[in-house]
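Same chain, two partners: chain A is paired with chain B first, then with chain C.
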Partner chain A sequence: MKIKTLAGTCAAAALAFAGLSAWAGPVDDTLVINEEIEIVTHTTSAPDYIDGLSEQYSGWHFREDDTRDMQRDDFDNPGMLGVEAAMEDWNTEDGAEGKSCASCHEAPESMAGVRTQMPKFSETKGTMMTLEMYINECRTERMGAEAWGWDDAAMVNMTALISSVSRGMPVNVAVDGPAAPFWELGKEMYYTRYGQLELSCANCHEQNYGNFIRADHLSQGQVNGFPVYRLKDAKLSSIHNRFKGCIRDTRAETFKPGSPEFIALETYVASRGNGLSVEGPSVRN
Partner chain B sequence: MKRHILLGLLLSAVTATAETAPAAVTFEEGAVAQSLTGVAGDPAEGAKVMSNRALGNCVACHTVSAMPDVAFQGNVGPSLDGAAERWEEAQLRGIVSDAKMTFDGSVMPSFYKTGPYIRPGDAFTGKAPEGELPPMLTAQQIEDVVAYLLTLKE
Partner chain C sequence: MAKDVKPRVKVPKSAAAGEVVTIKTLISHPMESGQRKDKDGNLIPRSIINRFTCDLNGVNVIDVTLDPAISTNPYFEFDAKVDAAGEFKFTWYDDDGSVYEDTKPIEVA
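Up next, the complex of A and B:
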C-alpha cells in the first residue's frame, strides 16, 4: 500500500506546528519604486498554460522586510550601482567600429519593453535568444568588440540597465510559434527530478513555495526580478547563474550558463511569470 | 594506537560482510524488516546525521522539537515529533532508506539508494562524479537515524 493521502494530512500537521520555524506564506505587501513605478508582484490568475500555479508571486514577497524595503528606492537598491556602471559602458566606444551602444540606440530608455519579451526567437539567427545573446550580437557584429562572458560583471550590469528601463511593464514572453519547441524542452526540464536528491524545480518552487527548506523561504522561482542583487554574494547575479546553483543543490551535475538547456529553461520559467512586472535589478538575500 | 587501527579494520570487515547492499534491500509495503547491518543503531549518532547538512540534513525539511539547538528547521515535510508512535521500526527503516516506497512520488530523497539518477553529481560541487556514487547515507547511518526516530514519542 502506498500512502498518498497521508501527504495532505502531514502537510496540515506541519502547518499546525507553530514551532521553530513557523510557516510563512508570501508577505502581503505592495511594491512601488521611487514612489512612481508600480510593480505587479502578485496576480490571482496564472496563465492557463501553466498547470501548477493558480497565482503568481514575485520572489520579492518571500524576503524579509528590510530586503524588500531596499527595492522601494533606487538609492537603497545596491543593484543600481551595476546600472550606473553599465551607463558608462553604454556611452563608451569599444571595438573596431568605434561605436558605443549609444551610437545606435541613443539613450537607454530606447530599450524600454525589450526585457519583457526575453528570451525571444530571432528570425535572423533562427534561434532563441536571451538578452545576453542580443547584447553580444551587437558587440561582436555591430561594434567589432569582444563578446562578454555570460556572468562577466559588465554583462550582468548591462542586463540590469536594460531591465531597469522596463520596470513596471508586464512580462510577455512568447510561448508559441517558433518559441514552442524551446518552451516544451524547458517545461520538461522544470519537472525533471535531477541529481541524487531527485528534486525538480517544481518540487521546490511549485509544490512548496511559502515553505522553508532549512533557512530558505521558498519562492516560486520567478525570473521577473533578474538580474538580482544577492546580499549574500554582494553582487548582481544572472538567471542562468541561479539555475546553475539550484540544480547543483540537488546534488546533480549542473548545466552551464548559456547552454541550450538553460536557454530553453529560461524560456519556460520566464513564461511562468507572464503578467508579473519586470522588476530587475531586484534585491534578494 | 595500533590496536585502534586493527579494531577499525576488523569492524569495517565485519560490517562489510554483514551489510545489506542498497540494491539488495527488500521492501514490504514500504517497510524493511531486517536491520541493514545487524549492529544496533546509536541514537546519538543518528541525531548528528539528521542535523548535518552534508549527511541526512533531515531538518532541512522536518522540524524536531527534541533538537531545540538546531537552528532553521524547515517545513517541507511533516514534523517528526511522535514519529515513533505513528510508525513501527521496520516502517521507519523503509522510509529513511527509500521514502518513495512508502510515499509514492515523495519529494523526500532516497538515502539508501545508488540510482538510477538523472545527471547525478559529486555531492554539491555541480560536477559529474568520478566513479560510482555511494548511497547518501551508509547502512549504519540509516540504522542510527532509525534508532533516533524511535526515541521520538510525544
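Up next, the complex of A and C:
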C-alpha cells in the first residue's frame, strides 16, 4: 500500500513538472540597448549546418524580467563596469615597448566587428585563435608585456570592452576552410556525454532548452552574450569559465580554460549562434 | 580605503515643476561582508558602504542604511519630486571613514 502511495506521489510530481516545463519556454520580448542598439535575440531558422535547432534564442530570453531589463541600459548593466575598467587599461602603456592598446588601435570603436568572428583561424599562427589569444598576442609580441591569464579580471574586462563595440552586429564565425577540423572536433564534443551524470551539451541545451533542470532554467547555451555578468558571481565570466562550470556539473574532470578542447568547443558553439547579435557584456543569473 | 571606488549617477537634465523624476545611482565597491575567510582561514575584515544619502537643494530625498548582506557595487533607483531647479547631492559613507560625493544639477523647464 505504501509503495502504491509513493508511486501516486511520483506520478503527481511528474505531472507537475510537465506543467512547469510547458510554461517555461523562452519569453517573447525584444531587446534594444540604450534605446538605440537593436539586438537580434531570436531567429526562426538556424544555420543549416546545425543539426537539432530550428530556432535560435539568445540566453537573454530565458532570464527573468528584472534580469532582462538590466541589459536594456548600460547604466543598469553591471558588466559595463568591467568595460569602463578596460577602457583605462586600453589607454595605459604597459610592457617594454611602451605601448598601450590605443597606440596602435586608437579608439576601441576600431575593434567593431572583431567579436563577431571569434574564434577565428589565424594564418600566421596556424591555429584557431579566440579573442583572449589575440589580446595576449598583442600584449606579448607587440607591447612586450606579460600575458594575462585567461580568467584574469583584466582579460575578461578587455573582452567585454571589445565585445561591447560589436553589439548589434551579427555573429559570423567561419565553419569551413581551415576552421573545419576545429569545428568538427567541437561538434563531436558537443554531442559527447561527459561525467558521472553522462550528460552531453546537447542533452540540456539542444533537447531541453526552455525546461528546468532543478531550479535552473535551461537556455540554448548560446555564447553571443559573452562575457556575461553573472549575478550569482557578481562578476564577468568568460566563455571557457562557463564551459568549465557546465562540465563540472556533469561531475566530470573538466578541461582547462584555454585548452585546445575548449577552443574547439567554442568554435562550434559560437557557430550555433551565427545570425544572432553580439550582446556582450550581457547580464545573466 | 577600498580600491577603485567610483560613484555614478544618472539624473534627467530637466523636469517640469512638480514632476517626479527617476534617479539611478551606482557605486563600484567590493562590499566585503566581514563573513568571508581568506586562504589561510583568517577573517577578511568588513569593508562596506554603510550609508547613502541624496539631497535636493539641502532637503533630504533618501537616507539609506546599508548592511553587509548587500552585494558588490550597490545600485539604487528611486524617485524624487522636483519643485524648483537646483542640485542633487549624493553622498556615500564608507566603513573606513571615506566619504564619496557626487552632484548633478537639474533645470526646471
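Methods note: the second predicted complex is superposed on the first by the 262 of 285 C-alpha atoms of A that agree within 3 Å, B and C clash if a C-alpha of one lies under 4 Å from a C-alpha of the other, contacts with A are read in each partner's own complex, and residues count from 1 in each chain.
Methods note: contacts are C-beta pairs under 8 Å (C-beta built on N, C-alpha and C of every residue); 3 or more make two chains touch, one makes a residue touch a chain.
Because the structure is a prediction, the values reported are computed rather than measured.
By the touch criterion defined above, A:194 reaches chain B but does not reach chain C.
When the two structures are aligned on the shared chain, A:252 is found in touch with chain B, with no touch to chain C. In the superposition on chain A, the chain among chain B and chain C reaching more residues of chain A is B. Contacts of A:81 after superposition: chain C is touched, whereas chain B is not reached. Of the two partner chains, chain B is the only one that A:208 touches; chain C does not reach it. In the superposition on the C-alpha atoms of chain A, no part of chain A is touched by chain B in one complex and by chain C in the other. Per the touch definition, chain A reaches chain C in the complex via residues 75-76, 78, 81, 84-85, 234.
Looking at the complex, you find that chain B touches chain A at residues 29-30, 53, 57, 59-61, 63, 65, 68, 71-79, 81, 101-104, 106-107, 109-110, 117-129, 133, 136. On chain A, the positions that touch chain B within their shared complex are 1-4, 6-7, 10-11, 13-15, 17, 19-21, 23, 192-199, 203, 207-208, 211-216, 218, 244, 247-254. Those residues of chain C that touch chain A in the shared complex are 4, 6, 8, 10, 24, 26, 28, 71-73, 75.
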